[in-house]
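Here come two complexes built around chain A, the first alongside chain B, the second alongside chain C.
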Partner chain A sequence: MSTQSSRLAARVMVAPSVVLLFIWMAVPLAMTLYYSFRLYRLLSPDRTGWVGFTNYLWFFNSPDFWLALWNTLALVGGVLVITVVLGILIALLIDQPVKGQGMLRILVIAPFFVMPPVAASIWENLFMHPQNGLFAAIARGFGAQPILFLEEYPLLSVIGIVSWEWLPFAALILLTSLQSLSSEQLEAAEMDGASALSRLRYIILPHMTRAITVVILIQTIFLLGIFGEIFTTTQGGPGSASTTLPYMIFKQAIAAKDIGRAAAGGIIAVILANIVAYFLMRGIGRHLDA
Partner chain B sequence: MARATSPRRKTLTTIAAWSVALIIFFPVLWMILTSFKTEASAVASPPELLGADWTLENYADVWSRSDYPRFFWNSVVISLGSTLLGLAIAIPAAWAMAFVPGRRTKDLLMWMLSTKMMPAVAVMIPLYLLFLQLGLIDTRIGLVLALMLMNLPIIVWMLYTYFKEIPGEILEAARMDGAGLIKEILYVLTPIALPGIASTLLLNVILAWNEAFWTIVLTTTKAAPLSAFIASFSAPQGLFYAKLSAASTMAIAPILILGWFSQKQLVRGLTFGAVK
Partner chain C sequence: MGKITLKHVNKSFGEVAVIPDINLTIEDGEFVVFVGPSGCGKSTLLRLIAGLEDVTAGQIDIDGLDATYLPPAKRGLAMVFQSYALYPHMTVRKNIAFPLKMAGLSEEEQEKKVQNAARILNLTNYLDRRPGQLSGGQRQRVAIGRAIVREPAAFLFDEPLSNLDAALRVSMRQEITELHQTLKTTMIYVTHDQVEAMTMADKIVVLNAGNIEQVGSPLELYHRPANLFVAGFIGSPKMNLVQGAVAAAQGADTIGVRPEHLDIVESGSWHGVVGLTEHLGSDTFLKVVLDTGDTITVRADGEVGLRHGDRISLAPRPDRIHRFGADGKALA
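And now, the complex of A and B:
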C-alpha cells in the first residue's frame, strides 16, 4: 500500500473534525476579542467605539476580580483534593471482598447521572435550607442552631455540592485501576513485613498514579466552567463571596448588560484556562497516550 | 486484587462499604422519597419517613401543568442526535489518527481536548448572536450542532483510545483481500470496535442529556430539553418541595436507568483507555 495516498486519505478523514472544532473555537473567540476592546452596553446602544484596554483594566482594578480568580482556583482545587482523596479511600474500601459489590457500584455512581441544576436544587432545598432542610432538622434534633450553609459558607457549600457530583467519577476510575493491581505483589510485600501504610505508599499509590492524573485532567476541564451549581444556589453571593470568574462574566453580561466588559472577562478566562491547560497537558500527556 | 480474609473482617468491610455507598446515594434517595410525599409532609419537622403521607399527586400535578413529553422528546432528540452526528464525524478522524499516525497526531489530540477548556460563559454572547443570525435559537438542530461540537473532542479521544488497541494486521489482511477504505471501516473496523463505539455513545448521550448551560442559553420554549425544564421549574416554585422533587426525579430518571444498565462500559470508557 502506498503511504503517500493513505496519508492523504488520513488527512481528509481528520479534516472535518479539525475544521469544525476550529470554527467552533475561533469564530466566537475572535468576536469576543473584538468586543473586548469596544464600548458596547445594551442599555446605551448608541454609544459605541474603541476603548482600548479599558474593559480589561476595569477587571484588574476591581477587587471582586481577584476574589473571583481566587474563588475559581479554590473551587477547582478544593473539588480535586476532596474527590481524589475520598475517591482513593472509597476505591480501597469497595475493592475489599465485600458482599454485593455490583449493587455498591450502582449506588456510588448515581450522582454522576444527576444533571447539575437538579443536584444543586436537591442540596439547596432538601438539605441546606435553614428552615426546611434536612441538615436544619438534624441540628434542631440536637438542640443546635441550624447552620446557614449558603449564607455563611457559600463557597464551601458549592465545593461540597460539586464534589458530590464528581466523587463517583473519581472513585470508580480509581477502583478500576486498583482492580488491575496484582494481588501477588501485595501478598509478597505483606509477607516481607510491609505495614498496610507502606503497602499503600509504595505499591498501591504508584500503581494508581496514571488513574489519578486522568481524574485530575478530565475533572479540571469540566470544573473550570462550573456555572449551573452557582447559578442555582448562591447566585455568586452573598456579595461576591462565591462568585467565580465565569459567574462574574455572566453577571457583567446579563445583569450589567455590558457586553464589552463581559468579553474582556471572557478573554481573561480563556487565558487562565490556557495556563492551567498548559501545565496539565505537560504533566499528563505522556500518561494518556498509552 | 481479591485476597483471602477472615469472615469477621469481611462483615466489617461490608458494613463500612455499604454505609459509605448509602451516604453517597442518599441525596438521590431522599429526593425520590420526597417526591412521593404531600407538600406538608415534605417539610415536616422532624422529617417524616414511615409515617409520611404518601401520594402520587405531585407527579400528576407536574404532568398536567407542564408539557413533560415535549421536554423529554427534545432531550432524546438533542442528546441522541448530537452524539450520532458526532460519531459520524469522529469515527473517520479517530480511525486515521489511530492507524495512520503522523508526527502531529498527539498535538492535534491535545489541541482538541484543550478546546473544551474554554469556559462556555466566555463565548456566550458571540455564540448567542451567531445563533440568532443563523436562525438557530430555540431550534433542535441548533442544539444538536452546539452539543455535538461541545462533545466532539471527547468523542474523538475515546474512539482513538479504543481504535488504537485494534491490531493493525487485521486491517492489512482486509486490504490484501481487496477491501477499499470505506469497506474497511464499515465491515472490518466497525464490528471490532463496536463495544468501544457503544460506550462512547452512552457517555456522550449522558453528557448531552445533563448539559445545562447551552440548553438554557440557546432555547426558550420550543426546543427546550429537560435540563431547561427543571431550571424553569425550580425558579418560581422553589418552595414546593414535593413537586420540585417529582419534577427533578422525572428529569433524571431516564438517564439514571440507562446509566445503571451500562455502568460497566461507561466506567471503562471514561478512563480514556489510560487505566486498564
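And now, the complex of A and C:
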C-alpha cells in the first residue's frame, strides 16, 4: 500500500463504508439536535415550533439535573474504582496455580453473561430484599435490623450491582495482561530484594497500566449510559436520589412524553461524554501508545 | 566473600528427578562454569543456588551458613538472566538503581553507585534510555550493571550471551572475564557452549542428565577427561572415538584421539579416504573414512593439498591417546 495508485485505490475502496458510517452517525445526531430546539410533546402533537434554548434551560434550571449529573459521574467513578481495584486483586488471585483453575476462571467470568435487568432483579430480590434477601437474613442472624438498601442507599446499591456485572470484564482483561508478564522479571525483582508489595507496585502494576487504561476507557463508554439496572431496581428514586442523566432523559421522553426536552438532554449527555472522554484521554490516553 | 557448598542436593519436579544428587564446592572468587547439553539441569541447579527453586533434599551453604531455606533476596547473590529480565518501563538508571532502592539506600548513594557501574560498563550515555531503546549487548550490560551495584557475594549467569551475535559474544565474553578479574567476586556461569566454558572458566563443572561428570580446570578436562561423555563434550571439533580392534589393541574398549593429535604421515597405523574438507584458513578439518568404517576428523595445516577421495595414512600421537573401559570411564 505505498504506490500512488494503490493508495488512491484504497481510498476509493473504503469510501463507501466511511460515507455510510458518517450518515449512520450524523443523521441521528442532527435529528436530536433539531428536536432539541423544538417544542414537541407527544401529548399535544399539534403545538410545535422553534423554542430556542428553552429545552436546555429547563434542564439547567431543574435541581434534579445537577443531582443527575453528579449521580452519573458518581456511578461511573464508583464502578471504575471498584472494578479496577477488585479486578486487579481477582486477576492476581486466579493467576495463581491452583486446582480447578479453568473452572474457577469460568465462574469468575460468569456474571458478565447475565443481562443487566436480570442481574438487577437477582440483586434486588435475592440479595437486597428486606424480607427475602440474603443480606436481610444475615442481618437478622446477627440480631440486627435488615438494611433497606434500595431505599436508604439507592445510588450505592446501583453502583454495587453494576460493579458486580463489570468486575468479570475488568478481571479478565487484567488477567490476560498479568499473564503476559515474564516470570523472569518477577524473579529478577525477587533477587533484587523486592518484597511482594514492592513487586506489585514497581513491576506488576506498571506492566498492567495499558490494560487498566483499556478497562477504564471501555467501561466509561458503557457506564455513562447505564439505564436498565436503575429502571429495574430504584426507578431513579427514592425521589431523584438515584436518577442519572440517561434516566432523566428517559423520564422526559417516555413518562413526560416531551421529545424536545429529551432531545436536549441527549445533546447534553453527548457533550458530557465528550468532556469525560477529553479528560480521560489527556489523563491516561498516553498509556495506550506502546 | 562467596564460598558456596552444595551437599547432596536433589531436585525433583513431581516424579521426575532432574538432579539426583549433587555435591560441589565453589571457592570464594572462583569463576565456575556449568556446562552440559540442553536439558541437563544447568539452569535448575543455578536456580536452586539462587533460591528461585526449593531443593527437594540436601543443603546449600553460602559462606559456611546454611542458606537452604533462605529467600533469594537474603542470599546476597545476583543473577543475570538469559532474557536479561530488565524492567521495560524503567530507564536504565532506574533499572540499575532498583536493587539499591529496594535496599533503602538514599538517592545520592544510589546515584553514586549507578554512575560507578555505568562507568565500568560504558553505559554512561544511555542512563536515561529505556531498555527497549538499547541494543542486545547494551541490555546485557544493563543487566550486569543491575547485578554489580548490589556488591553480591556471587554472580549467577544463566546463558547470558546466547541472544547475541557471534562477534558480540566474543567481546562480551572478554568483558565478563575482565569484570571478574576486577571484582574478584565468585561467578557461576551457565552455558551449553564449551568454547565459552574453556575460555572463561577457572573451573568447569560438566553436567549430564543432572549428574556431575567431571570437575576441573579447562586444561585438565581437555587433557584428562574422566569419561567418554566429557571426552566427547570438551574440545572442538570433537574427539574421535574409535572402538573395535584398534581399541582392543590398546587394551581398551574405546580409544579417543583429538583431531589435533593425528598426524598425516607416509605410512601410519590408520589408513583411510578423505571425505569432506573444511578450510578455515588457518586449519583444515578433514573428515576421513577409515578402512575399518569409522569416520574421524583430522586437523591439518591450512595449506594442505588433500582433496576428496585422496588416500591418506594417519598416525595418532601415542602419548595423546585416551583409553576408556567398557563402562565409559577413562583407564589409567
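Rule of thumb we're sticking to: the second predicted complex is superposed on the first by the 268 of 290 C-alpha atoms of A that agree within 3 Å, B and C clash if a C-alpha of one lies under 4 Å from a C-alpha of the other, contacts with A are read in each partner's own complex, and residues count from 1 in each chain.
Throughout what follows, a residue touches a chain if its C-beta (ideal position, glycine included) is under 8 Å from a C-beta of that chain, and two chains touch if they have at least 3 such contacts.
None of these values were measured; they are calculated from a predicted model.
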item: Combined model on chain A: chain C and chain B, fit or clash; value: fit
item: Contacts of A:T48 with chain B and chain C, given as first, second, both or neither; value: neither
item: Touching partner for A:L20 - first (chain B), second (chain C), both, neither; value: first
item: Touching partner for A:A194 - first (chain B), second (chain C), both, neither; value: second
item: Touching partner for A:T176 - first (chain B), second (chain C), both, neither; value: first
item: Which superposed partner A:P206 touches (first chain B, second chain C, both, neither); value: second
item: Of chain B and chain C, the chain that contacts the larger number of chain A residues; value: B
item: Lowest C-alpha to C-alpha distance for chain C against chain B (Å); value: 6
item: Doubly contacted chain A residues - partners chain C and chain B; value: 182, 187
item: For the chain B and chain A complex, residues of the former touching the latter; value: 1-3, 5, 10, 13-14, 16-18, 20-22, 24-25, 27-28, 30-31, 34, 42-43, 45-47, 89-90, 92-93, 95-97, 99-100, 102, 106, 108-110, 112-127, 129-130, 149, 152-153, 156, 161, 164, 172, 175, 181, 206, 209-213, 226-227, 230-231, 234, 238, 241, 244-245, 248, 251-252, 255-256, 259-260, 263, 266-268, 270-276
item: Footprint of chain B on chain A - complex, ascending; value: 1, 6-7, 9-11, 13-14, 16-18, 20-21, 24-25, 27-29, 31-32, 35, 90, 93-100, 104-119, 121-123, 125-127, 131-132, 134, 136-137, 140-141, 164, 167-169, 172-173, 176-183, 186-187, 210-211, 213-214, 218, 220-221, 224-225, 227-228, 232, 245-247, 249-250, 253, 259, 262-263, 265-267, 269-270, 273-274, 276-277, 281, 285, 287-290
item: Residues of chain C touching chain A in the complex; value: 50-52, 71-73, 77-79, 81-83, 85-90, 98-99, 102-103, 146, 150
item: Of all residues in chain A, those that touch chain C in their complex; value: 182, 184-185, 187-195, 198, 202-203, 206-207, 209
